[in-house]
């Protein structure tokens, strides 16, 4: 089953070609916006009606974000697409760029028109070079076909889009680190305020959205905000791409309506790998707190439902773990990741992520102490809310989630110096 | 000195950015150096700095911040294996073990003939294809099994 | 203005200011490390977290904008918990061995940890160790493990010094401060990073482990080097100056000092210090007591005065001497009937003597530099000659000012330069005339007829007209003449044109004072036209050799415009009296050496380039038998029966010579009664000498500062040429060539320098390697006779790999 928003070209043998994109009505939304000279306010209103929330992890309402851009700013302004997905478990933007690159281009062009921006950048995660190349090629073709560049479709509107390849730094997914990175610097997040809408790329007003967010725009223009909203549920408009990985038979990206039961999504992913039972699920990318399998089976996949269960929908990356997984080992790997990826500038994250990792590492290696679990929570408390960017929280939430639901397993580890599983 | 080819590549990249923001091309410049030489030496960093009008130290900061840059000689082919959670759940440890035996080297090492280098990577944003690795940061190979790895190595050995 | 409440105190603060700014105003201290008022905000240490009412989490005071009605608590439970949490993180990887740390006792981390640190450490894992890097002779990174990654040092380089010498490589807890492949960190302002470092990670290499902070007594003083007059604290241990740090003075040096100010103290303790008076008898130097030495001098002078006439006695002094010393020197000379006294040792154009309105000075307060929006800087090795003034100009440029340069060398000023005309020295005057002409056209202003006539014939080049265009768009224009312009053989004409240019822009026109007391020396009357008895200027005293020379702190082979001529005059004299802190070359030609003390061992006054008189006290006792020069001169005055030499204190000297109130009317750059004439200078054939005085060769003290002498800037000067001139001559970098000026010559190594104009050759002055040559300006010949070839890139290292942490 294909999703109606981002997977429009998936039935073709070569889903990425401009030709095929045009066959499914590609660039019609842009054409409509430009030829009808739709007012930016009207577009923003439509996006607000759609209840589209940012697909990058924080779920911020997109229409609202766009309305923050200064309309009559004299100098340059930018829009930036965040395709740096590196949150473990997440691989949805990869598919969009690889199989439906023109959808992203069209979405960004509409956004550019709405915010009166002439230049956009698409920041692509370093490891998925093929997606970068695909985007470079697609931009080239779009330019040649008059969908990008000067005087798009003869309407007098100009917008150009460039791709910037990351090179191995998860933190560049954080929007201001990403801007620093485009500026040719280390990817160290900036303190906010000022926010990008007033001081962004090269110090100019900038709006940053996730790939999937931009890719949802053409649907909203073509079918109306209401139609998008109705794909999902109130306050959680549209469909959403979920990356399902880990212990399932058929891992993959699935675009399903917001509010789809988790059980259904699991079924689409072929169910838990053969002969095993579900133990735990990380529902929104590795920084979201883990949820035990039995609780998860009763949840629906949308921001509100997952939040109520004490976790978050995040980037929509679902990591499924079966009963063979040692939770201490799993947390050790995640803690190592955040320790490895801390940009190193602010004290609580630089020092705290290493401390967290070392404690979990000790427990996993049979050198845990009784007081370690409380120490983990206390160190976590000193990190979360004290850092420049949310990587601090991202490192702490997995710890909190694990100890909330699987504390016994950690205690067992400390006491018996080995795994429960 | 940066080769003519690299200079040409950088110049093309520079077109993406405002004229007074040449530094924006530093990441791609370093990538081009690595593509040509397999790694980036401090001399290369100075050359890039001079080309883009940056301080040497600013280039070194960038080169050491982003983990896909090789800062010491790596193999003609460098394989980077993702070992993050989704990949580990799907057997990344076995992937690493198999590569280690097949190549006879550990993580961060290069084979004696200089043909292969092996590195560990963080999440590559392709978790549905776990376990997986990249080849020279260009090609991503997923859903690996030992047989598939052998096949890829054989193919690389020939080229 | 907005109102905010901090710990219950209501403060008014500017819109756009931060909570930290407001706290300063309210007198509330918020602990911090990365914040520094002169640097950009990075908000990375998180030590300054405070509670802001209605904010869900603690916020960093340094970065949080103050908002009207905001209520801030710096000591609430939430704030203190956050601060303690951060302190714990800062300490987990920090060595806790304060007693053996060089920073111990003056460490911001140590101080704040006392208030916010926990008792016992909850961290039981292994501590991080950072391997030290070699970054040169001035700064030690031996204790890099103590770094708390506040990045103050990095920001200082990028924002204040203008050069990114240090950076933070790697990420995560492996983030490390380092220089590029261990390149040395010794730009002229680097030492400030030692002060900025809140912990003991960057320490002073010369000072390390020579004293604990509590053993030092701190004495205020004033820099004896460049014209800025930086305020210093001399830290003294065991009657010796153990180190020098800045004393903040926003109007002068802000909170910085140059490396020269900071590290030159090593010269105070140099083994070359002269400790007893010496007299040469039958070609042998013998140490004597003060009384016979001074008797000897007095007798000698008396004899020459009566036999040959007092006009055969000459006195030369460096402008690094104090006002009191210079005042007594000229008073002594005039007292015995000679007007031959001068401090302008490197000057060569004296045609404005007696025609200048007052002492040549900056023409504005130093702090006004930051407010200027257009600069025309003429003939200046700006960064090296005036490191902190250069820094102020850099800040102005950062805030939108345009710097325009007319000079004979295009040195990197570490700031964007709007326009420049890089021309051979003999084209300097003509180029300024072009700028003036273009500016008059731009402004549609009428020049005085005589000036108009003088500039009529010059042809305006594109560079000159670009400069004129830039200047004409300015509201606050500053036209500044550097040392090179002041030493130029057409210095007076240059000044006249510069004044015209600034007048057209309703701007300020001034001189960048070469030395600590260039203005003070003038005010002290240490110029030949100051008194009733007219005398010879510095150049004349050498051109028509005198029978006796009194040298005050002068090393003629290094300090004079024409060292060759100076040395032959010294050798020919009947008597040379060297008042000096050091044994030096004078041993060859002098008859008497009188040990006088450097600035740190006497009270005195320097008047800086903006005309501000700053007095200081001696920080330590005079070394051995050395005596303050003002006391020596007082005794000489008595011995020679000059009246009015009964001073008890240096303050009394100062009171007589310097009326500090109303100094302003004694300063004056306007020259009256010299006609402008744009004449070519010398012949155009041959290579024109461009000479700088290397930063660490500029005065006797810094020449003996051991660590500074090991830096790049102290390397033996090369002969520098533009690549095209090298091709013409058939020489290559690394060749040793014969460099001749007149009938003198030296051997120097060739270095390619494309920042030089065609037709020019750069040969430094003020350095022993070039002291045999003649005037600082003139024609130089280069012969390749027996050139020995060295490999071009001998010192270059091959590409290295970087260890990824």
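Observations, loosely collected:
Order of writing sets the chain letters: A, B and C. Residues in each chain are counted from 1.
As a working rule, contacts are C-beta pairs under 8 Å (C-beta built on N, C-alpha and C of every residue); 3 or more make two chains touch, one makes a residue touch a chain.
What you see is a predicted model, and the numbers here were worked out from it, not measured in a lab.
Set against one another, A-C and A-B show the most C-beta pairs in contact at A-B.
Chain nearest the geometric middle of the protein is C, using mean C-alpha positions. If you average the Cα atoms of chain B and of chain C, the two centres end up 48 Å apart.
Chain A and chain C have Cα centroids lying 54 Å from one another. Centre-to-centre separation of chain A and chain B, using mean CA positions: 24 Å. The set of chain A residues touching two or more other chains comprises 169, 186, 340-341, 343. Shared interface positions of chain C, defined as residues touching 2 or more other chains, are 168, 170-171.
Of all residues in chain B, those touching 2 or more other chains are 58, 61, 65, 67, listed in ascending order. Those residues of chain B that touch chain A in the complex are listed here as 16-18, 21-28, 30-31, 52, 54, 58, 61-62, 65-69, 80, 82-86, 88-90, 121-130, 134, 137-140. The touching residues of chain A, when paired with chain B in their complex, are 76, 85-91, 93-94, 121, 125-130, 162-170, 181-187, 202, 243-247, 251-253, 282, 286, 317, 319, 321, 325, 330, 333-334, 337, 340-341, 343. By the touch rule above, chain C contacts chain A in their complex via residues 41-47, 49, 56-58, 60, 63, 65, 82, 85-86, 88-90, 92-93, 122-123, 125, 148-149, 151, 168, 170-175.
Taken together, the chain C residues at the contact with chain B in this complex read 163-171, 179-181, 183, 798-805. Interface residues of chain B, counted against chain C in their complex, comprise 39, 41-46, 55-58, 60-61, 63-65, 67, 71-73.
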